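Consider the two complexes below, in which chain A is the common component and chain B and chain C are the respective partners.
Take a look at the complex of A and B:
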């Protein structure tokens, strides 16, 4: 897979524009995603400077903190952000379908069908870059333990009422984004980087402007030139032509434009002319907005580009898992559970890791099955092979009711890593995996003989279409098409002492972060 | 420089003169700092960086003169915040900082009281300050042995010879324990949230601290009772506040790696000796001349340089102009083996490479598979 991507990069260098890495879109895209372009203050942890947020490309909501060191202004910003994001996130909570899911009784181990609610759709947040995803996590962490005036009347610095809830949702989205293939919180750079290879390094691809320049270079210009200009081009005042997509700002912008504007705002506030304050605030707002607008447009442009690709067949199945995740967190919030803990207990942490591993295996398999270009990578690495069926020899099991076990010979140029003496291979038969046993190589590994094992019906004769015919082109994989979950973990109450023992009383709500008078700077 | 360089180091006056010529007559030398050393150790194969840093060339000015200005710079917000936090941590005669050191690395010793020393380290010039620091360290170690006193050295100056030229390093603080142990303290302004900080930033801080540990070991080598702790204390803001939180960081690995890298750094005099006579990196010279001068020293460019070296944009431009695959990343270069240019690699992909080179053969196969897959996607028949 990796060499194939390298080849695509090399081709992009020569072509002067990006080359495809995928023939289908491997991530679900919502019909109505919420785009969030955040900016942060340099040197300060979780002190937002501004944000553009919204579901309509033409009408973003602009939020700016004219003085990030002022705690009240910061809370006002986060409250506004909550007003914008929460209605969107909660908007998916009430449209549900009833589905059956299998649950295992913890006592008896018996499996039973339980009817459960599943939200029909889920929210999807798009940020410009990987750093933006980390920033959403950070904001989530900074907000979810805050207490509002209702929860804690004694608190000298209460948070606005909906801010802790936004923190819990941001934390959930951030956590979910670590699951491979999950699509509730995505970054434009990673989405584009998954589907296109540019003629620059991975590191340089983190710049959304440069990445887009490679994919859609302006008329009469090569991707390399356009990317260079997007990355480094500065105007006469030393300001970047394409400001970084955040959340960090360009130091030249901070020092030359933002700092003086903020000082003017501070000066106006210490005076007593409300109009001067309004003017100074408007100036800061305009400066910050100017930094964010290119990224806002770039994210929407990225989404348009991605929509030109046909959706991958199995991406929808993975989105269902996101819907389950959303429904689960909705239920936890509704049940009044406390915010996510600072650190997971041993069992939860192990579960999260196991989920990520399983999902990674699933994602790798599904992407290959959806996309011949990804499959080509697996064929190159010997994990799959494709070829023409040259011969079918019928055969049966030797039981009382013989089942079909035909021998299929496939001619291939691929070099699968099959060892004599067995090993199973799989192919997709109408979306379901059909297994076969590797029997032997023939003619210097050019022919591969397989014995089909299942999906041929109950009768003596295989069902029509279940056995490939001579001349068919088939693709077999050495990996399984569905991921298997890991071993079952104990309940948190039964955590062994080697892993810290059972977590302490779950009822105890986590303490809020210490807040001091001079919390900031 | 026609003859082979003599086996011993050439007389330092000559080298100093030679380096001054390289720098340009009117340009004062730029001292090496720990950040530069850590970056240098991260890319030890780069002769260009070793020579320019060793000669004290101002790479920022050089990059601008070359027409590829570096994009480094720090926001004043970050500087203000960093300074404010450091001042807060060291405030009150270093009481809070000593408390943190005792709490995390105290090893059962008496907690520091109001009797802790904070010696004055001011002196003229880096050499003077380094000498003053060495003296203070000796006194503090003696005082610790005598009556178990804690000493905090605020911004000491340490000297370390790197690739034949002296570097002066300034750690945030060094603490001398009552048992004579010296601990490097690194104060950073990135947050430690729930006891964990950004791994990349902690790694950079650890590499930097390892350089300080090495420099301290030079000084400690001259004292019988002094030991340099291989665990440094990293002090960061706690969560979203400006209260300090500290965490011990074991830098044995970084120290060993840095030591090895610094030892194998090509010595500056060898690099300088290999250069043609009359070459200069004086930023006042015209760009073409400078480009030629810089090209005379070989570089090892990788995209990672962009975050660590002022000259990286220039090197990238040259690497791209030379069609080098390393511009696409170290991993790409590693994958392609002997195929070092894009043209070579693409030629191999097209099938001209023959079958002897396994990389060329698999690249050819990859190209066939890719073409087949793209064709299949274009016409779903």
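Take a look at the complex of A and C:
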């Protein structure tokens, strides 16, 4: 945590309400996001209990599994979920624009412009918390390898027809959410936590109700008190006033309310009165719905809060990458490719890691450039400096056609970690980075002399506006403004011997958790 | 070590025997790879230079992969020094200041940013990052991968297609490679891209011969046993020199202040702990930073001289033979500023990451846990402390706030255990305690 974030948290403690960490919204928010509030069954991995899902805050679709241990009911639930989510996800597939992209020919290495389709917009799924994202990933894994009756007529337990497809999309969203700055699958707690600092710990911020209490405390109450009540307050029956945002449920709810209701449902099912079954099922549905409604409202409230911030300039550029990602997966599904494999092979894993590292660097730079408050944090840690231009001395390169290399002196109170010997610094000039070389400090590090290196045109005289003028306020960063991707890795079929050879070859090492004798008692 | 045991253990012979076995497996072995573990200062660079020359002499077209430009330049200079006739290619990136300008003076060295220009040379040297961009080249018969434990698995994946066989050399005790984003989803896979190149290599090729250099020529007799015990408990090594072979002394007697007393203690025993009163501080603890700077200043002011096995005459300890090590870059910046205030120039101040592979006579270390309220995985990392505690030829002074032992006891390691990941011994907690217990015997309380 940076020093500035620590300060914001301390100020939040003193003020009794959250302090802003950003002046703009650093994530893209869709016009029409799909909110999903899932609940899971305690003690049974990957057994959904219910969900509220939809794009209209006033009219969520309620899905409940009255007996989660009954696998038929579980698959019926997932089929309903697919009916709700897939039309939304696929709704963006056909509105496309034609764009040019550069492709490299694998044979010759020659680069050429290719026209490609890019979807105009992409789906955006919002869940309440980080654990909700993990749950989407888990559901994706449990669904994507299932076979439907059309695919495998012999299968005695075929999956409903759209369920494997939902699994593939959930897996794609889950993987994409691991890319820094990606916005196709987001959690409300992380979104709020990025933009506001509360007076509680990061761990406590995982509770959506408590987090919101700090940001918008009730009239006349401090955020700390409201958060404590949201986290621990219980009614006379021992039930939480603000149920957790899931997917895990509160044990008191499980034991006192849910278990008896499920027993009544089981009992009704073993009888022969359909009306009794319907009554018992309705009772479970109402219980589960009551647990989810506060989280549903809290997620929409979070989105409203975030919409009060103006969108960050470069967040839209990052959203374009999400659109590419969506378009790419749409194409893979349409081409009839198999679902994502259980584990990445060596090359895919390395590629994903490289992409994420590049995106992290890009995100850090872009957030600072979009937001003076974030930049202040970077300035405080010596990675940037801002100040007033006090002097310009023109200079030129010593070549046949001299190019301008003016010396710019900047007066600053920041203490950038510039080392003698000339590092490069960058500033944003109409959205594009202009580079300069650090020359020297003057007057006990209060003045910094830089030599401008580029973006001044081809002529002997720099183009108007490309060199700052005396009195201008400028902000220079020690970090680059864009991130370069890494080198191309070998194709998976050419995985080298150091990494076990191509996937499926005998040299490949055994998986770490294979079944051993000890697993079978 | 007693005289009798020194006679039984001949460091020169033990090292020569290990080197001979390594070269035999490299030149004549049947396996595609050979792995060499080298403790701090065990002659890794010497081995790399020797292996490179012998492979070139045997007519094998050789590529050398190092991790940083500084390491590459250092290897080129060493090769040219040993064999001015041997033609070496230095592949560099097209950025202006990618290599040491001193290389231009060497007639046997060809510099180029294009692999094609160097294709005919017997040896080509570059960084892993630059090698990764070399495509469609005729594969090299042999490769030497230097600092292989600091190379990430994905970096090896990008270059391994370029060579048939390879010698991997590195120090398993130094800092593991890391990633700025989470890589837990691949933890436990044999090819986890964020793991070290050697762990992936050995997971897939467990039959490869593994060797170990048994003697540290850098660490003095006072340091080798502690570093070996704390950081290499299962692969112990010894110092190449005996007690008394290296001596540090001062022209001016101490004035009784904390810095002077800790310098005296370090000269006497090889270690010194300057302990400031317990206190939670910001990372750039001004008092500790100033104490570090004062120790350096006093070492220079008191006219320190060193005597070692290489030159019998005493040598004055100059600023360029002193290093200050810290955990964070802002701490290093603060120490640099404090040294400048005291008028000290030319002392190396850097983080553990950047001090890897470097060697000095005297080191002053700001303890990674000094003044902290918590002990995170970063600060507990075994390699960080190992690098900081094993850069010196004569003595090491550690500056720290009191209370680190209690801090450690309050923060046992809590990293989750992942299936399939080899548990690394010793863990940072254990290693930190081991070093602290030793330092406690050389403790000097702060007195300005």
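Going forward, the second predicted complex is superposed on the first by the 502 of 521 C-alpha atoms of A that agree within 3 Å, B and C clash if a C-alpha of one lies under 4 Å from a C-alpha of the other, contacts with A are read in each partner's own complex, and residues count from 1 in each chain.
As a working rule, a contact is a pair of C-beta atoms (placed from the backbone, for glycine too) under 8 Å apart; a residue touches a chain by one contact, two chains touch by 3 or more.
This structure is a prediction, so every number in the text was calculated from the model and none was measured.
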Original post:
Regarding the shared-chain residue A:58, is it in contact with chain B (first), chain C (second), both, or neither?
Top reply: neither
Original post:
So, does A:23 touch the first partner chain B, the second partner chain C, both, or neither?
Top reply: first
Subject >> Per-residue contact with chain A, leading partner among chain C and chain B >> reply: B
Subject >> Contacts of A:335 with chain B and chain C, given as first, second, both or neither >> reply: neither
Subject >> Partner chain(s) touched by A:201 [first = chain B, second = chain C, both, neither] >> reply: first
**OP:** State whether A:180 touches chain B only (first), chain C only (second), both chains, or neither.
**Re:** second
**OP:** Would you sort A:142 into first (chain B), second (chain C), both or neither based on which partner it touches?
**Re:** first
Original post:
Which partner does A:110 contact after superposing on A: first (chain B), second (chain C), both, neither?
Top reply: neither
Original post:
If you stack the two complexes on chain A, which partner ends up touching A:487: first (chain B), second (chain C), both, or neither?
Top reply: second
Original post:
In the superposed arrangement, what residues of chain A touch both chain B and chain C?
Top reply: 3, 343, 513
Subject >> Of chain A, residues touching chain C in the complex >> reply: 3, 109, 178, 180, 343-347, 349-350, 352-354, 356-357, 360-361, 381-382, 417, 486-490, 494-501, 507-509, 511-513
Original post:
Hey, which residues of chain C end up touching chain A in the complex?
Top reply: 32-33, 129, 132-133, 135-136, 153-154, 156-158, 160-161, 166, 179-183, 185-186, 188-194, 197, 200-201, 203-205, 282, 329-330, 333, 419-421
Original post:
In the complex of these two chains, what residues of chain A are touching chain B?
Top reply: 2-4, 6-11, 13-14, 20, 23-24, 41-46, 138, 141-142, 199-204, 224, 232, 249, 251-252, 254-255, 259, 342-343, 371-373, 375-377, 379-380, 513-516, 518-521
Subject >> chain B to chain A touching residues, read off their complex >> reply: 71, 73-82, 84, 189-191, 193-194, 237-243, 303-304, 306-307, 313, 320, 325, 327-329, 331-332, 335-336, 342, 345-346, 349, 362-363, 365-367, 369-370, 372-374, 376-377
